[in-house]
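Take a look at these structures.
Here come two complexes built around subunit A, the first alongside subunit B, the second alongside subunit C.
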Partner chain A sequence: MSTVSETISRGRSARRVRIDGWRWGGRAFLVFMLLYTALPMIWMLLTSIKSGFAAMQFPPQWWPDQPTLASYQKLLDPQNSVGQDFLRFFWNSLIVSTATTILSVIVAVPAAYAFSRFTFPGRNFLFFAVLLRNMFPAVIFLVPLFILMRAIGLVNTHGSLVLTYLTFGLPLAIWLLKGFYDNIPVQLEQAARIDGATRFQAFVLIVMPLSTPGVIATAIYSFIGAWNEYIYAYTFLSKNEQLTLPVGIQRFFSENTTDFPGLMAASFMMSVPVVVLFLLLQRYFVRALTEGAVKH
Partner chain B sequence: MTIVSGKAEPRRRLQSARSDVLRKMWGHRADYAYVLPAIAVMLIVIAYPIYYTIELSFFNTPPGLQLRDKIFVGFSNYTAILTSGVFWQVTFNTLIWTVASTFVSFVLGFAAALALHRDFVGRGVLRAILIIPWVISAVAASYIWKWIYHSDFGIIGAVLVELGWASRPPNFIDSVSTVLPSLIVVNIWREFPFAMIMMTAGLQTVPEQLLRAAKVDGANAWQRFWHVTFPHLRNVSTVTILLLAVANFNSFIIPWIMTGGGPSNASHIWITHIYELAFGRQRWGVASAYSVLLFIILMTLGYFYVRALSGNERKDGSA
Partner chain C sequence: MAHVVLKDLVKTYGSFKAVNDVSLTVNDGEFVALVGPSGCGKTTTLNLVAGLISVTSGDIVIGDRVVNDLDPKDRDIAMVFQNYALYPQKSVYMNLAFPLQMRKLPKDQIDRKVREAARVLDMTQLLERKPRELSGGQQQRVALGRALVRDPAVFLMDEPLSNLDAKLRVQMRSEIKRFHQDLKATIIYVTHDQLEAVTMADRMAVMNGGYLQQYDSPAQVFAHPANMFVASFVGSPAMSLIPLEASTANGGAVLTSAEGWSLALSQRNARKVQKSTTRKVVLGARHSTIKLHKSAVPGAIPAKAYTVEPTGDVTFVQAFLSGAIVNISVSPNVAVAPDEQIWLEFDQERMHLFDSETEMALEAS
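Right after this comes the complex of A and B.
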């Protein structure tokens, strides 16, 4: 026994000499990618805890001499006008993103289920038509959608954003969910049908609970997409009190461009919800992409 | 049967096929109820705008977008685009932007996925950190990098001066020659995690036995990668590259916020240019004509996308 494992391990170590180059190359590469990814974010954080004066120095203070949370206090203080604006933008983003998320799940779940289970004529055509939506940039739709929203009286409302976000979130939502449904054995539903459940009951009682991870992933995706969306919000909304965060921050800081600590603090605050959400639920998210895209 | 009917047979077959489809559709009428909400939303917000864009591209519409006062001008919006010098500059920028962003993002993402494939302490944390740029808003990313590239107080310029590689901080995004590469670096920063996620997912489907068999047969690491792993990932790679290409072709936020297309159009790409034509200069007709051209390009790309996807399906079906 021991001799066998010895020879195996000796064989391995002999081979490892050659592999090592690759492994060290991989490590060096990962360090490089870590720096490339993290340094900009670290610099954002370091700048956000400087005073406006300290940020505007050359050579820069690599580490803030007098760290201060003043920028964050200003943004989160409902008493001053900056804080009022920022908190309102934050609230608007939250409302729009939540409404979009709920609606996309409601619309995407039945559609994805149908694409996965039923074989009705035109199924493939409709599925690809839905996917094709992902190909087209917002700009193509902006002018006509602007006219459409004006015609149905949705310009300057959050409804216009929710309706638009719904459509650009749907294709991927449907795609991701379909991957999940494809992996749930049909036999489970058939068993339920034999026991007297209707198709709809089988769907709600058997399939829905099993696909919860998929629904969570879809919800995260919709939320992040809506939270970060910029161009429609930039075009459809003009009243200051309705702006969502990305546009609000841009309007706000185009007026006083020198306040880089404030801008960095705002960028950080804007990123916190989606990053936290993503880190908490990334397992579902990555798995959903796997199921949808790879095992398609 | 084949002898008697020369022409009538195919037609009859066609007819019966058509009524078959209708009957089938009727038989599946309940199934359509599931997809109806999705299709309805899509139709309102997609089919209608596409129709409208095509119509507007043949008209000159006054700046205030009063549709009643639009004037039919035929193809003159299209000829105006193709004869303007800006068009070719913007197209060239878009080409560089899309190809460079897609290629480098894919290579970096794929390499990161490979390097993270072997388990080690802290792998999960590292992977999560690498994905964060993809999650945060492009607006935030644009501001972070705008500050990093700042011509007076930017950190990259400061590092270059400290190291003695430059006498004063260089202008990254205010100079015609460096603006596009600088923005591409930002775009890659945001896009490579997507490639990494997709390729990580793909790597998990490579059968372990095949790799082990190749190892037993004496294949080295590179040979195992090139002859086993890579062919297995062809479809995922195709889909990933296409999705990246489309996303990059459609980018807007990074150039728009960081430079607004400047200096002197050096960082204008199609989408920012169209946006400026429409909502900046209010030349709705020209902007719509641009959109139609864009639409045609994307439909071509979309054709390959669908082919790649259905290629996947066919392969699954036979396996």
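Right after this comes the complex of A and C.
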């Protein structure tokens, strides 16, 4: 009898130790991931408040001797030519990303709803066709799309970028949203239609409010994708006054010197809208990703 | 309130016939249950009446209108769903108000009706809550309230109790029945639970494989099942169905088993058996019509007890006869042990005879 209970208790404690091992391993991994993602950001921030000379010192100054906001002042000064450029690039990026976001939501919402709720000829084919684009690396489409844009006269316009970003962002946006609509019980719409709503009213009054988190997640996704995109912006736009931020920031590299504090300050400011957007809307984003995990 | 008529209703999906020539009339103020196993077409039939899916052929009449081509919103119906389908983003008040808002009623009238419905269903204190903050029973009541608030011609209910726990289900069952009695409402109620149908409905429509099997009052369906499916579906435990062969012995009709025993039939039952298309007949007997003897009795058939299930009020004994399971109920003070030799006596007046070929009930005249 005693041997049995001993075996059981030994078995239990052994199991407990193993779980703890996993937990500590998990924590260590999380700490590593945190450092891995946060350190470059911190280094970027530190470099941006150094002088040009301090940034190049070796061994590096971990904490700048004379912190300065000069780089930020220069970038945000509309009198200064660097500032003029930066603000224009920033504005261009904002326009392109916002247009991409709005259009992708306008297209993805009805498309995803249709894929989720209706059966129509070619539904499955179309659904996988929207993913086809994502099976290939983006660069493959660079030249064909450039030729296409030239043919329709969109080279050197922001429209060319918006169109291109839509072809990248839409498939995933539609997939994400379709999953969302799949999780909204169809009975809600049926109830609304019996309660006196038309099909469209049922969608607008009942389904749309419930899918807000999904729409927001989709919007964030589209915005970030467009905001960060480099290679197409670099190829399609050549006029200085049209460049977007990722391409514009390149100008801080030059043959002889690179203004590292300026580059880092610009990079930091470029990440601000994304971070702010994310902080404001993260609860919707998390809800979008975990939707369907609980019983309705 | 209004009556509902289904005329030769058919719904097909590709080559699959979900609903086959279903015709039935629901009278004004009647409570009709559509009952059958999953996939029998009962929910499809209800959705056809609701207008959520379109009919392939046949007619649906609500009141005096053929509603085949009307939108759900124009059919003057209300529906209670199995998962309640409460609008999760709206408060209970707004859930109840929604059907009235859609009909563009003035605000003060909406308020009056919502509060009235809340009072009737005893949930005035819940009006500001969101559906997720309610218990299952309360959600169910809100769903009922949302149907009630509009005063529709017909109430459609799709398994409204199946998400509740057993105790609450019994309670809500009597509440819905009370609701029907008080409102004199026309109700079409879908359920897979024959007990709900039997206890609540004025008439029950038993469906299987998309076909209407029998449409009658629960008492009639119970006493005179039209075929073997209805016989085995309605009643718990299920009616025992024993495959036998008809023959004559000593000038009278008997049913003989492959196991060697035979059962003499009364005059009336003998006439029934004559109607069968082949000699193969199925004997149907409910648990309460079979008498269990612990010693040989003339006319009783020997069997071996297989399982014994005491439930408190009665004890159910299962035995095998001719390869079929036979349920017998006995008083709890009759001690039967598994594998014990028992003798079963069938009540000639209350036994059912079915044609083994057509599965239809055999009638005497």
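Here is the rule we go by: the second predicted complex is superposed on the first by the 260 of 296 C-alpha atoms of A that agree within 3 Å, B and C clash if a C-alpha of one lies under 4 Å from a C-alpha of the other, contacts with A are read in each partner's own complex, and residues count from 1 in each chain.
In this section, contacts are C-beta pairs under 8 Å (C-beta built on N, C-alpha and C of every residue); 3 or more make two chains touch, one makes a residue touch a chain.
As the structure is a prediction and not an experimental result, all values here were calculated from the model.
In the three-chain model built by superposing on subunit A, subunit B fits alongside subunit C with no clash. Of the two partner chains, subunit B is the only one touched by A:P59; subunit C is not. The superposition places the C-alpha centres of subunit B and subunit C at an angle of 80 degrees about the C-alpha centre of subunit A, rounded in steps of 10.
Contacts of A:I249 after superposition on the shared chain: subunit B is touched, whereas subunit C is not. When subunit B and subunit C are set side by side, the one touching more residues of subunit A is B.
By the document's definition of touching, of the two partners only subunit B reaches A:F115; subunit C does not. By the touch criterion defined above, A:N240 reaches neither subunit B nor subunit C. Shared-chain residue A:I206: touches subunit C; no touch with subunit B.
With chain A fitted onto itself, subunit B and subunit C come no nearer than 9 Å, counting C-alpha atoms only.
Overlap of the subunit B and subunit C contact sets on subunit A: residues 296.
Taken in their complex, subunit B has these residues touching subunit A: 21, 24-25, 28, 31-35, 37-39, 41-42, 44-46, 48-53, 56, 65, 67, 108, 111-112, 114-116, 118, 126, 128-133, 135-140, 143-145, 147-148, 150, 152-153, 155, 158, 161-162, 169, 189, 192, 197-198, 200-202, 204-205, 220-222, 236, 239-240, 243, 246, 249-250, 252-253, 257, 271, 274-275, 278-279, 284, 287-288, 291, 294-295, 298-299, 301-302, 305-306, 309-310, 312-313, 316. Here subunit A touches subunit C in the complex through residues 185, 187-188, 190-198, 201, 206, 209-210, 296, going by the rule given at the top. If you check the complex, the residues on subunit A that touch subunit B are 18-19, 22-23, 26-27, 29-30, 33-34, 36-38, 40-41, 43-44, 47, 55-60, 106-108, 110-111, 113-115, 118-122, 124, 126, 128-148, 163-164, 166-167, 170, 174, 224, 227-228, 230-231, 235, 245-246, 249-250, 253, 260, 263-264, 267-268, 270-271, 274-275, 278-279, 282, 286, 289-290, 293-296. Within the complex formed with subunit A, the subunit C residues making contact are 50-52, 71-73, 75, 77-79, 81-83, 85, 87-89, 98-99, 102-103, 146, 150.
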